[in-house]
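The following pair of complexes shares a single chain, chain A, combined with chain B in the former and chain C in the latter.
The block that comes next holds the complex of A and B.
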């Protein structure tokens, strides 16, 4: 009966989502200006059309160009408007990424718990959600603050965006309410829907939560991508297409994919830090083992999601170049190009920290001794590739230094500063990180299948030939053929890396079927490994702030690229130093808020012992829950 | 011993063939055909 009641509620929720989505995609309400007259008449009053007008007159009136505000149209609040929006938007995006990502892997872990009938998965998934639920409120607070800041500080831009997107923004608001409702039911109903049919209702709610969350994300992404590469409007910014044409700009799907994957990696890293904090603070061996396992799972999620991320980023940059070469060159060939060196440092930090955690974690099982000899070679390759990646092409030099060097490029290292060398380095770093994963996963297993030798031979051959292929195409097509072949060969490198990862996962799944399992001792890991888990979210956060700045800066002096000029006092690309300070401020603020979330999550599991129950112990002694 | 050698040689031969075909396939797909020796055909 209970399950039926929940199913009924679920059915209503599903119907509501379908109704909202139908409204969203329906052909009858797809004209942006039609949206406006219904919901945002005040903002888009100029678009209203009297019934008796001819079609030609209607068209003429409807095509309202983008506004051309003067500097006086931007309110002066005494501090840089851009800096205010920068900080608030970035914090909203950090928390938004976290709360959208966590339910994604929580659902998978919960499902794993159902299939394995191991309640530890369920407990871990529930605890991950505990972090997400606190972060959700903060996300909403920053979202509201961002909206207020934008409407206050950039009124003309927001009026234009409201006119272009119209009721789609209302759909966003409805989806947000739906997300809140489903999220709270999903979290607070966890124990009420833990077994039997009710569990499937709970899983369905998780699926619904993720569907709504993903829709929210792609909806918001369309606003950012419209500002970078507007579609559905003419050269003066007048809306000429329906809402679908406005949304599906050339950069929408690359951003959708990139953010989707990045969010998972980011979410995994943040909850990993929570697990590390709890592991270090654990007072019992049982609690330490639990949080060690939780930290391992988080790192697994973060790094596994991170592996395909450079390819999604590559696609995004390729689409940016295809849309506007000028925009692409601004990003990667001008002043912003230096930020990609910082990006390399941060990604290198992430990969080194992730690998170090795995190598340290191998001490949990005695079976790892078979593989420990490989670690030093993996470390050497990672460091060499990291150094190649951070080698700049053009150095910022004085005339004296240029004379001493014989040019602005180093005669030997200059060759490492261009993309072919960096592509080789990135792909090898990803392959060797996967190798760390693979040997870690194999550490506590002994294969029992008859074709073990053949399977291992195949895996080793895939690694070696893929590495040779990546280096060959990178060097040959990158340095000895024309640019078209150079760019085309990078796809070979991507597919070679993916071949290693996919074949490694598939092959091991069959090779270690019915394998003998060696004992693993969770909690038997150095504290240093836990500090590596702290490094991950900080590097991820800084990286997101950095690349968000690059993505936004490529619009240069445009609010909406080529359509609506930014005439505010901040209509220039800030210096790298200034941008670096801003990124650091938002990263520090985010870390402080995350620490607050961890504290709150910890506080909810803490019970004060009643004073009358303890005669000798201090009255304020607390009992920590490990669940 | 000989059987093991056969296994390893077969593995390397199969994988090399796969990657050789992959290089041709991916470049052709992008309108950038290659000669048999992997040099650009254009």
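The block that comes next holds the complex of A and C.
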């Protein structure tokens, strides 16, 4: 443990030193520009290269534009620089997402333990943190490596970003020290602050940990969103605003929300895989029951966070279109559009795996027989919607195939390739996934309220109205009106889906108040269901890699969109196959590191039997812990 | 919650191995999907220089079309998907004139050309109904200024796009050709193809070689007899008549020759400068200027030392085709023809040149009477030679 802590501190120290050195390398620390353009605001001033801009003619200030590196300015290390940064950055982001997400739901579970006075919640939250704390060290290692790679391979870009963000990057590094301090106290002080007032101190530390983590995330997000939609700079990239104007670009908040929610879903899926692994490897019924419950909780977190994610994604895409229609179309209708077919496959995998896990989990309780007849219908709807989602619109065909087909769109299936059909499919998949979730939650309960029949009728009515509305709005506005209404109709569909989810949760909360609880048998679940929990993080990881790639690639041949061109040898958008191979490489590497974390987490709970006792129990040299 | 009992249970084999195989299999499945989809690379625009002085109106319009669908990214929105007015389906000159009459129009344009230019560098001046930014009530255009990043078209490129929009519906192109402009930097990969024929020509020999006049006409001391000889054409036609016979060859047919043989698209292909060089030369050609066959000086500076080189020189093959290291671009290069055509196909392409046309080249350009002009021995010699041309 100590070694891990030291390595983490060491890496952040390296990061800080690099940041400081880079500050000097950027050549602006000696000018007033640095701090003015950086953290402390005001208009940037410099005595360096004057910008070629008309607005500067009327002012005494001369502004420093973004650099214009030539191909020769990019170091050649014999391997594609983009591929190096791609792998390291993606691994850093995977682990970063994990370590930021886990404390979020750990805090909620810990709080739940306080309110229910059930120590199992507390133990589970502590075990989740055990995974997170190992991942934190690996995040730090990849973070330091990423910083080194970027400064080495893209020196002009990093010098420019250092100039634009200035002291904010120093604040970021300092926040990591704070994050490390709070994280270690929170984790290692868990048992020391377990009861009474000390527990509230511990919970407050958890809150502080999440606050610092969220600040770190939104700070780093501002770098990515600045590169996509620069703000606080003029058209040649010279800084003309303060750091707040630089940070609060049009895409900053949509990315913040999207990553916040996605991180929770991702974190839930990863710890779910941990629980599934432990459940399958459990040697006692008690351990299997514990990890079955832990897996269920993780899946609950992952799917619950996943359900609103498409809406956050929708907001992000709408803001991208509002910022630059060209950028939006490049993503959704241009060269990157085919990637959304893979996205459909991935999200379909996630929803099918999540649903399958819920259906399998219904075998834990006898009361589930009342609802099992619905499963086959839900499955049919999910599969049909999935197939609609993956139907491409325009096919790349030979002239003979086009002639045989009568055009590049299939006369019947072509209509399923456009967004209105996909919007219907996605919303129905979300509604029916919620239905699976709802009947699962109802399986071990029998309502005792007098208005049960009326309540159920109301719920059914809400489902029917929402489904009819989603289909009608999608078909009518999607196929019989122009594009403006198409976009508007998707908002109505989203509202319908959210209405079902929110009303379902609220209605069930009242309907099953003081309900009779039927016995549940944790651990009595098929092993196949545990593999569904493995499918979730694999699909989530691949999906994160995919969407991160799309987000980054919409800049096309720009490091910083419209102000700093990418003239490196890698300034083209690679083929989907190449990108897919890269995503699999980073996913497999992530899985290997996660398995290492699981092993470490398991090792920390393993106690060797004293040598003098071995002759008494030769077959059990190690004692398994469930905590 | 019932947590069950503490008795030992059987685990399901090697969990680590199974979970790894399952995870890897799933990841590979996603990789398979990615590799099954169309594989297209998105190249960054390459900056290149083209000599604007060599542009013809045809290649200028082609440049505009290439920019429209390529670096200009116009077709990303201006298509039939309803994102923006479908320029390819609309008559943009008529549309421009309609918008100029609209009371909502507040710009300074006075005609279609200036309106189209203004609409590209200041798209917000007039927002087409129902295509404004969402919530702006058609007061804000979602279109970016195309002279600014990330598109950054130059004035010449914008003019090329206007020329394309005018030409595609049969309107007169009012945008002037930038013939006297200095060499400018133009970003266009797509334009490379359209400008590949724009070789700088300054002399009558180069004009004659570029347009393969001697393939049909005797002039400059050599050439074919498919068309009338032009050695002393100035004696019978004045400059205006010569100009007309080039840009509208079937208007007047010389006795003894058939209409429809001479290509009718020289007016589009030739630059004004080239046309004037040719007309001036022919109008002045009242006497024979050259005694030796000029074709040999045009086709190759090397002495025609072998029989095949003599045949190539005699029939002016290099006026249109690249072979023996040099030649024109009016027809396909023959330097690797032996690698993809057999002897019969090569023979057929000489005696029946319009039967099979190489992609990217127009039909009707190569004279169809070589079989009458060449002896069998010359034809065999040429075919045998071309068979050896495999680019080695």
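The rule we apply is simple: the second predicted complex is superposed on the first by the 561 of 627 C-alpha atoms of A that agree within 3 Å, B and C clash if a C-alpha of one lies under 4 Å from a C-alpha of the other, contacts with A are read in each partner's own complex, and residues count from 1 in each chain.
We adopt the following convention: contacts are C-beta pairs under 8 Å (C-beta built on N, C-alpha and C of every residue); 3 or more make two chains touch, one makes a residue touch a chain.
Bear in mind the structure is a predicted one, so any value in this text is a computation, not a measurement.
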Touching partner for A:469 - first (chain B), second (chain C), both, neither | first
First, second, both or neither for A:324, with chain B first and chain C second | second
Which partner, once the models are overlaid, touches more of chain A's residues, chain C or chain B?
-> C
Touching A:458 in the superposition: chain B (first), chain C (second), both, neither?
-> first
Look at A:334 in the shared chain and tell me whether it touches chain B only, chain C only, both, or neither; answer first, second, both or neither.
-> second
Check the residue A:562 against both partner chains and state whether it touches chain B (first), chain C (second), both, or neither.
-> second
Using the touch definition from the top, say if A:496 reaches chain B (first), chain C (second), both or neither.
-> first
Using the superposition on chain A described above, determine whether A:235 touches chain B (first), chain C (second), both, or neither.
-> second
Is A:82 in contact with chain B, with chain C, with both, or with neither (first, second, both, neither)?
-> neither
Do any residues of chain A touch both chain B and chain C, and if so, which are they?
-> 482, 484
Chain A partner contacts - residues on chain C that touch it in the complex = 1-9, 11-12, 15-16, 18-20, 22-24, 26-28, 30-31, 33-35, 37-45, 73, 76-77, 81-83, 130, 133-134, 142-144, 148-151
Note which residues of chain A are touching chain B in the complex, please.
-> 453-454, 457-458, 460-462, 464-466, 469, 473, 476-477, 481-482, 484-485, 488-489, 491-492, 495-496, 499
Residues of chain B that touch chain A when the two form their complex | 4, 7-8, 10-12, 14-16, 18-19, 22-23, 26-27, 30, 32, 38, 40
Mind pulling up the chain A residues that touch chain C in the complex?
-> 120, 235, 273, 276-277, 280-286, 288-290, 293, 321-322, 324-326, 329-330, 333-335, 338, 341-342, 345-346, 349, 396, 482-484, 487, 519-524, 527, 531, 534-535, 538-539, 542, 556-558, 561-563, 566, 571-577, 579-581, 583-584, 587-588, 591, 595
